[in-house]
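You will see chain A twice below: alongside chain B first, and alongside chain C after that.
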Partner chain A sequence: MTPTHFAFSSAFMLGLAGLAFHRTHFLSALLCLEGLMLSLFIALSLWTLQFNTMNSASLPMILLAFSACEAGAGLALLVATTRTHSNSRLQSLNLLQC
Partner chain B sequence: MSYLMCVLLLGLVLGLVAVASNPSPYFAAMGLVVVAGVGCGVLVGTGGCFLSLVLFLIYLGGMLVVFAYSAAMAAEPFPEGWGSWPTLRLVGGYLVGVAVARGLLGKNWYEEDWSGFDSILGLTVLRGDVGGVSLMYSSGGWLLMGGGWVLLLTLFVVLELTRGLGRGALRAV
Partner chain C sequence: MTPLIYSTLIISLGIGTTLTFASTHWYLAWMGIEINTLAIIPLMTQSHSPRATEATTKYFFAQATASATLLFAATSNAFFTGSWDILQTNNPLTYTLMTLALAMKIGLAPLHSWMPEVMQGLTLLTGLILSTWQKLAPFCLIYQIQPHSPNLFMALGLLSIVAGGWGGFNQVQLRKILAYSSIAHLGWMVLILSFSPPLTLVAFSTYLMMTFSLFYSFMMTKTTHINSLSTSWAKIPTLTALTPLILLSLGGLPPLTGFLPKWMILQELTKQDLALVAVLAALFSLFSLYFYLRLSYTMTLTMPPNNPAGTLPWRLNPSHNTLPP
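And then the complex of A and B:
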């Protein structure tokens, strides 16, 4: 595996691990999700640049637009959680506990 | 130049280790700023100047500023720092994981090339990635309009989520 490929692949896996093992704050999980999107942007851009296929250079731009949509929706959920539960800690989201 | 690319790629991985093992959202946002800056350096090193500029402007200057404001709202006033024992254990665990994966998947240092390759030698007006992104306006016009429609719908989604279902108008949190 080339070093560049390994770098953004491990960056993606680290962001995924940070999202899966989120501990206290909802916002930490959202920021790990943003890290995932960032690693995907770098991966798609490096794909077009290193393989010289400039036709797919619009792909990271579209990814960035949709990632902005997702970040906005995630932050709106954070605000809604803070309103109903008075904090955004993940321990307070316990309506479905057994 | 290859040493610079090596340092930048290392910074990418270490920055995301910091984001994934953050003790508080402030540090995760700072780690994302570092990762975005280093990622811009990686893209410039392989010849994508326009994509790097877009990353800086839109991602760092647009989205991460919003996340910084949200961190000011949502995180606690006295956050725990990097020196706490669970955080250090997580950092160590992620670093060991990356090192093990590199040992399993990578080859020796002399068998691989770390430097980026800029295929357009010299200064031109129309570089490769600028020409590629311009396809978004010509052949990908329908995708551009679809993306604009999706952004408008996201605005309505956000307003609906923060409305509070009839329990009040838009108010301070």
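And then the complex of A and C:
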């Protein structure tokens, strides 16, 4: 495993742990999601330098576009949750319990 | 929702799945899955009720996490092997991570906890799209991953059959029951994947047809709870006679179609010297059969407002005197 690979893998794992263990705020989960996408962006951007190919040089841009769409959707859901549940804490999302 | 936006979202759903089906590059497959996720989110929050918003939030988090993990596994695989080809996922770490990410996408145990709650908050039509169409794209990718050992898929499959059966035991909400039945059926499909992929496709196509029929019959009678199911016999009597057939087919009873994939899967498992796994899978799908039978019992065999448990046989020697003296 090259140092580059290790670096973005550990960044991803940290973000994933943050997303899996988020406790209070909706926004912190969205931030961890953005962190995941950022680590993947760095990985794809370093691909060209690491492997000396120009094959997949446009991949980071497309990833950025999709991650921006996803972040927008997440923020819209944050606003919708605040409108219906009066706050964006994750403990208040308890209407659908089994 | 205006027809233009509605048709844009439906077409985007179609484009996403088609993109994943047509791709050999992991990145394009990931893009198709992302398009699917983004397109169904407005469809879920259509009614703007608190339950719908909460269901959409939980769905968004589960799917976004799984998508990011899938792309990370694909990127790791590309760093290890130098290839973005879907059929060349050779590294054990990466295909394990990919399998787990795709399992979270479609709702296999132990990553299934978002599924019943999300299904509960949606309308029946959106729930139908969620449990049939949204499973196609990740399933196409699961089908193409070539694992070296069948252990992970068997573990996921067996756990899903157990979780789908056991979880639906005490449910009265029909959408949660349908979610648990979906988890159990996906477990059957994934169980046999590493031994005989055509059987997985047989199980998947029969599951699609049966789930579509069941959702549609619930949509026609507009029932979402066992109580309203029990009084729905007067709305469409023919449907009341036919829905037990669909339910028993989902439960896997011969001579209905739902028996076919289960039979072939059990046969293939015994051929591979895995008789214990076959026995466990068959025994745990009895739990699912229990709640399908309960649905067909309350729908067809009882006429409300009689309490179904109260229609017991007459006791000739009563233990208490219930009449006043």
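Following the convention adopted for this analysis, the second predicted complex is superposed on the first by the 97 of 98 C-alpha atoms of A that agree within 3 Å, B and C clash if a C-alpha of one lies under 4 Å from a C-alpha of the other, contacts with A are read in each partner's own complex, and residues count from 1 in each chain.
By our rule, a residue touches a chain if its C-beta (ideal position, glycine included) is under 8 Å from a C-beta of that chain, and two chains touch if they have at least 3 such contacts.
Just so it is clear, the structure is predicted and the values come from calculations on it, not from any experiment.
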Would you sort A:2 into first (chain B), second (chain C), both or neither based on which partner it touches? both
Worksheet item: Does the superposition put A:93 against chain B (first), chain C (second), both, or neither?
Response: second
(message) Between chain B and chain C, whom does A:85 touch in the aligned arrangement: first, second, both, or neither?
(response) second
- prompt: Should A:51 be classified as contacting the first partner (chain B), the second (chain C), both, or neither?
  reply: second
(Q) A:33 in the overlay: touching chain B, chain C, both, or neither? Say first, second, both or neither. (A) second
Winner on chain A touched-residue count between chain B and chain C: chain B
Where does A:77 make contact in the superposed view: on chain B (first), on chain C (second), on both, or on neither? both
- Using the touch definition from the top, say if A:68 reaches chain B (first), chain C (second), both or neither. first
Chain A positions within both the chain B interface and the chain C interface are 1-2, 4, 8, 26, 39, 50, 56, 62, 66, 69, 73, 77, 80, 83
Counting only contacts in the complex, chain C reaches chain A at residues 27, 31, 34, 37-38, 41, 45, 48-51, 53-58, 60-61, 64-65, 68-69, 71-72, 75-76, 78-80, 82, 84, 116-118, 120-121, 167, 171, 176
Given the complex, residues on chain B that touch chain A span 5-6, 9-10, 12-13, 16-17, 19-22, 24-25, 28-29, 31-32, 35-36, 39, 42-43, 46-48, 51, 54-55, 58-59, 62-64, 66-67, 70-71, 73-75, 86, 90, 94, 97-98, 101-102, 105-106, 112-114, 116-117, 119, 128-129, 131-133, 135-136, 140, 143, 147, 150-151, 154-155, 157-158, 161-162, 164, 173
In the complex, the residues of chain A that touch chain C are 1-2, 4-5, 8-9, 12, 16, 19-20, 26, 29, 33, 36-37, 39-40, 43-44, 47, 50-51, 56, 59, 62-63, 66, 69-70, 73-74, 77, 80-81, 83-85, 93, 95-98
Chain B partner, complex, touching residues on chain A are 1-4, 6-8, 10-11, 13-15, 17-18, 21, 23, 25-28, 30-32, 34-35, 38-39, 41-42, 45-46, 48-50, 52, 54-58, 60-62, 64-69, 71-73, 75-80, 82-83, 88
